[in-house]
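Encoded as structure tokens, the structure appears first; notes follow it.
So that you can tell them apart, the chains are marked A, B, C and D in the order they are listed, and the count of residues begins at 1 in each.
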């Protein structure tokens, strides 16, 4: 099974998730002044953070499947599982923004981030354990410090929300900023492997 | 006619169906406590079940069209017919969840599942009966026990809903679980056919 | 410019149009009985008709661009113009259904069908008049009886709506049924041209 | 990294943005007469203008990535940044239309247009500055008069909205009309470069 349709379907779902979130920003019906936009500010900030998170997942998903050519049924379902948790982001983002970053919504936001991160790790493992393995991805990930630390920070932020929700939300922002730095590991590993492949092709064509 | 755009259009429609269902989970405007989420639980469960069902259809659709290279006008319309019934899933899922799995919504959910299964069988037959046939798909499906039993179970669950809707919903969950096991038949048949093709190509290139 | 992204963007927009229409079918909040679904029947019928129409446009669009390899800026904008009119289908379909096929909504539905048909003809002309022409499409269309009659019927149905809206809606259904019969002209023309191309390739490779 | 998935994801997001805007045109529940449509006219005009703007961005995005084969992490994020600002178009379009082109919404509409234009310039610079450069795009853009003037006009229209919002909206329409003229520069540059490539291929194959 080629990865083409899995990527197309994931791109579609992620594109819809990232875009329908803006529907939570309801057009205000009151006077057309800046004052009526002020209550929308928390919703806007929660939209911005969630947009960045979905963007990060799309970016990493894109990089990961660059190293993959064929998918098994297990990988297909691990991917649907990831999309399920990400599909809940618009709901928890809306709840978080509507309630001006209150403790319970902040904790629930963390739960969805945590489950998405776990689902991503399961998908990554399914790709790595596929028959034939995936040495490019394996070497690109390396110790995968970012990937392993993120769910730990989310897990810590969930109970923290009930003590100080601003600290919890600060942790979500922090993890997003760490991931915003593009993952050059896979780009480097791919470049290396393409060089090797090109060499192989040259050898074959001789 | 190549299958490319049919797959792209179907991926788009299925991606939207699977994602707009979450819009039924309206962000609660009351106090930001876990208590206000409790009434959303049936809707969440109905969302989860429907997400799995749309995921199954995408997965099977993906597998089926892997065996197909060209489509006729009949196949295009059989596909649009399938998408029509699946497009009603968000509506019946919302009605089922809103009403906490009441008998009539449970029956209507079964009707949409039944019609989708029938539409899928019509599409499968259209592909099998296309000029030239489709031996890979034919051998992959075999007796197609799962495909033939599912609509029978849905048809039984519809009247059953009015006696015991939990049993009916239990049957929907059961069929979903049976399908969750990935359909290795097509993967095996494709692997076999690719081996044969590769052999053929080698023969030709000699 | 290749047609790839034009097709992908059009597939996306058409997939969204065809799917968001179902959001007009609001989940009823009253008792979970069949009786509360009855008022939704006109909306369901209007949804069904509009789903078929968008399906027809996608189908014909798909066939037309099968004959086209490169697009100019003019074709891109003619395509965006077509998508604009089709994007209004969910709105007029909702208005038609909500008002149980009242005269004014029936007329407005006809206006959107008419403008979409005109936009489709403009797009078709833009493709035919592109440098190099498009002999496959030209021969496939032939006299284009269906394409020329449809807008005339819509134009007649618009004033007719105010005398007998059922007759007008009947005309919309009739035209849809005529188009449902797949357009074998392009399939035949393509098959002919591919045979010719294959011959050409064989000649070249000798 | 190939541009394929970046284009697919952008096509998806732009297709959703351009289509969900029509959801702001709420189906009126009052009498089915033309009179109830009249208050929707400003919303319709704002929808039309925004549809054209998103169409222009898709068109230019399409042209720009025709000249690009590989993308870096920086280009991916510059693209997500552009999509973020464009995702706010449905919100500001709705606010502008709902309030019959009042000063503050007109100014906010200009802010989103300005930020989108700036984000587009950043993306263009990221592509031009990628390793190896992009001589086709560079020669196609030339002095980029349209690209440099547009943000200046938006920036001027924002404060102007508070004195005469019609003048500001007129400027938005004017810029849209200027961009509607398809960007033949890139088409010409591509045609030239393909001629050169074809020559190169011929040389190689000798």
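Just so it is clear, contacts are C-beta pairs under 8 Å (C-beta built on N, C-alpha and C of every residue); 3 or more make two chains touch, one makes a residue touch a chain.
Here the structure is a predicted model, which is why all the values come from computation and not from measurement.
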item	value
Relative to subunit C, chain with the most remote C-alpha centre	A
Inter-copy rotation, subunit C to subunit D, in degrees (Cα atoms; steps of 5)	90
Centroid spacing, where centroids are CA-atom means, of subunit A and subunit D in whole angstrom	26
Subunit B and subunit D: spacing of chain centres that average the CA atoms, whole Å	36
For subunit C, residues that touch 2 or more chains besides their own	8, 12, 15-16, 20, 23
Subunit B-touching residues of subunit A, taken from the complex the two chains share	1-2, 5-6, 8-9, 12-13, 15-17, 20, 23-24, 72-74, 76-77, 80, 83-84, 87-88, 90-91, 94-95, 98-99, 102-105, 108
Subunit C residues touching subunit B - in the complex, by the definition given at the top	7-8, 11-12, 14-16, 18-20, 22-23, 25, 27-29, 32-34, 37, 48, 51, 55, 58-59, 62-63, 66, 180, 182-184, 187, 190
